[in-house]
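By letter and in written order, the chains are A, B, C and D; residue numbering begins at 1 in each of them.
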Amino acid sequence: MNFIDLLKRIPEICKTPETLPLEGKKLILDFVTWLGSLVGIAVPPWVLTLVNILVVIVAIIAVFLIMFALMSVWERKILARAQNRYGPNRVGPWGLFQPVADGIKMLTKEDIVPRNADKVVHFIAPIVMLVPALILPVLLPYGRGMVAIDLSVGILFFFAVGAGSEVAIFLAGWSSRNKYSILGAMRAIAQMISYELPLVMSAVIVALVAGTLSPTGIVEAQGGYQFGFFPNWFVFTPWGFVACVLFYFSALAESNRSPFDLPEGESELVAGHLTEYSGFKYALFFMAEYVGMFAINGLLVTLFLGGYQAPLPFLTFIPSWCWFFIKLAFLAFSLVWVRATMPRFRIDQMMQFAWKFMLPMSFAALFSAAAWHYAGRGLLGWGISAVLVAIPYFALGYFCFTRHHSADNRRYLFSE
Amino acid sequence: MHELFQKIIALPWDQAPQWLFLIPAFVMLMGAAAAVMLRNLIHCALCLTLSFIALGVLFMALGAEFVGFVQLLVYVGAVAMLILFAILLTPAGEVAASNNPLRNFKFSRAFAAAGGATVALLVLVSLLGAIFFSPHARAVVPPAQAAIAPVKAIGENLLNHTLLPLQATAILLTAALIGAALLAKEEKKS
Amino acid sequence: MMLQVILAISAVLFCFGLLATLTRSNAIMVLIGIELMLGAGNLNFIAFWKFSTHPELLTGIMFAIFSIALAAAEAAVGLAIVIQVHRRLRSVNVNRATQLKG
Amino acid sequence: MNFPGSGIFKGMVVSAINLFGSYFDRAHAKRLITEQYPEERPTLPEASRSFPFLVFDGDPEKGIRCVACKICEKECPPQCILIEQDRDENGKLLRRPKVFNIDISVCMGCQICVESCPFESIRMDNIYEVSSYDRFDSLVLPKEKLLKSNEYYHSIHPTEAAETDARIEAARLKKEAAAKAAAQKMAAAKAAAEAKAAAEQSSQPESQA
């Protein structure tokens, strides 16, 4: 083996985009072997394993950080357009280098720690926030055979590791010794715990139907096409659609995004648990929030949107890993769209929504999924499960959340 | 020196990976010690969280992946948060004159601490003695299995062999949920 | 040997929990100690499962799962009681909750 | 059509219309009305004003309208104007300023100096790019920077400048007329006085008689 052979392999690899990442990884491993032969040693297998792991880690972190950088400017552009503004367009073409400018600004800012703060905890909070967020993307299947760790308990892993961010938010809020910080942290934790129930419930439904907790298995369960063109994604079943919407809104709440951004509602709480953070630590929080958001939306793609599967059979010429990121980009766009539309919830409305609407709806989706499964997963089951989710939806929506205006019901709290 | 080196070389290094669980075990014990010793309650709870995380990792290292993740999910996500909330909701008020019978005794605090430590130490010594020196300790332990607990097997076990306990646990958890909500609810002043 | 090491670790963890329960007068610290002791118990279940002759029966795993669920319930109710005690006595010192003393 | 949750869809449609409309609807000037400032400059309305300046006619030295009467200095509420009257070599006061400074970091653009100026000399400018790195010296505009021609004044506030010119012209005409009238009056008075004197001279002997 020599270097020229390795170079010659590059165009061959590029010919089949479907397996491009996997073959690229193999190429890097061969390159390491070649380096070993250059100095005259046979590279031991554990070094190759280590290099393999490192390549995967670096690839995942790089992809997610690049996505974070692009998202931070894309979000501002879309938000601006929805408000009839231009958005950032000064730094580089179309403002694309805005994240670089932001990064330099963040890094050169003074790192302020409040005098009464618990300095150690104040320091470790951003790290505790970022580490779970960077661990989460590990289990997502990005393409056929492209999953870093194929865990048999992947979904459970996701929620178990995701629980770490709650601890981090508490650390940040408590260690700042600031009433806005602690109030924001309490709100954030209350919100995350409340919305974790529908989140986990809707994931559990998918796990039950797919018969596995492994993300790869769930994606494979959604493969194939009904009638030759209709994808078997779970989002196209009534229970799956309901669970997908529930999961989507719970994911919004979990990642503290608008309209669930009460924990850092600037008009009420300055910036919540981020109040006392500046400079690089704030950037870490920001990064963790976005990477966590991508991870949880990647899970949504995996659970409901068919993961790396193409939506139509003739579109399979686009490589599977592209489909994953296309779907993820669409979800990211929809997040900004929702942010541009919805006003912030009031805290009692938010809690009411979680416990009185989302949780019962997730149970309804569970029953509906059971009906769909036992009716043979055909059109009959489709109809039954549609009825089973529609009835609770309209009942809950009409009786709990539609305001029935009437002059007699109006109570004045303060004017009398 | 040379002999020592030779001995170290001769150790069964190929079995080293199966002793890697000592790392999370060490972290867990340190976390537990800090949780017990520290003065600041929040710090205690945070060290307890660290200890729980390390315990979960230890479970995974011992081959019980599912239990490890459940441990993380339940303890880190719920119990630790609950404890932290409880600490924040119960601020230490002014210490009024207590009706503690031991309060007249000047060294009551130190005495209680010493007594508790003695009891704990005695329990530890007896446990370690039982583990290492009892006749059963010399019983043949089957070798560590490549113990794998597939999720499917756990699920089938839960719904077949342990269905009744599962239902009982469900009822208990519901009762605990309602009971905790009722207990912690503010009493209305009539 | 490995089983005994794990059991020893578990024993040390148990005694830390016992120490917290016995020496601290704060009710929350008592609960923390109880959680530690439950964790030690779970560790024993897992260890005995790993070194059992029939690990495929999953007995230890089942025990550990139920134990974790029960510990969660126990923590919830226990902390609710602590909050209620604090509301009554303005203190979470277990030495002051003596109203039921005969 | 109203069903639970329909409000969400309505809102999403509205924001989507704005989002995509901003790419296509530019011609109607309803969306994306932001001006890209350094490239596009606003056309200021005629009445816009920022800081005062001094008008001169023709030559900046001779045509300066200000006579250093210091009325504006006295009237200025934040006292941002400093005027020193010029003297000739003999120490005689001249009707023109030697120093005329306006501290635009203090000026609040109230236009009272303009209202109070009897000589139509101080007027409001509409410059807005006057920021500097220095808080003190470069924000105190000296006479040289304040002096701007009447043509410039016409270019920024045409209506007002025309009115001012008309007023000056009217004043000049009035003054000329008054001067003429005064000259006529003077001449008439002189003639009358002469006539009177003549009459007196002629009548004096009679009166003495």
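Quick notes on this one:
To be clear about the criterion, a contact is a pair of C-beta atoms (placed from the backbone, for glycine too) under 8 Å apart; a residue touches a chain by one contact, two chains touch by 3 or more.
Small disclaimer: the values here were computed from a predicted structure and weren't measured.
Set side by side, B-C and A-B show the greater C-beta contact count at B-C.
A separation of 83 Å divides the Cα centre of chain B from that of chain D. Centre-to-centre, using mean CA coordinates, chain A is 34 Å away from chain C. In whole angstrom, the spacing between the mean C-alpha positions of chain B and chain C is 6. For the pair chain A and chain B, the distance between C-alpha centroids works out to 31 Å. Chain contacts here run in a simple line, from one end chain through to the other with no loop closing. Chain pairs that touch one another, listed by label: A-B, A-D, B-C. Chain contact summary for the complex, chain D toward chain A: residues 3-5, 8, 11-12, 14-16, 18-19, 22-23, 31-34, 36. Residue ranges of chain B in contact with chain A, taken from their complex: 42-43, 46, 49, 53, 56, 65-66, 69-70, 72-73, 76-78, 80-81, 84-85, 88, 150-152.
Listing the residues of chain A that touch chain B in their complex gives 121, 151-153, 156-157, 159-164, 166-167, 170-171, 174, 182, 186, 189, 193, 196, 211-213. Taken together, the chain B residues at the contact with chain C in this complex read 18-19, 21-22, 25, 28-29, 32-33, 35-36, 41, 44-45, 48, 51-52, 55, 58-59, 62-64, 66-67, 70-71, 74-75, 78-79, 82-83, 85-87, 89-90, 92-93, 95-96, 98-100, 102, 112-113, 115-117, 119-121, 123-124, 127-128, 131-132, 137, 141-145, 147-149, 153-154, 157-158, 161-162, 165, 169, 172-173, 176-177, 179-181, 183-184, 186-187.
Looking at the complex, you find that chain C touches chain B at residues 2-9, 11-26, 28-29, 31-33, 35-36, 39, 42-43, 46-47, 49-53, 55-56, 58, 60-62, 64-66, 68-77, 79-84, 86-87, 90-93, 95-96, 98.
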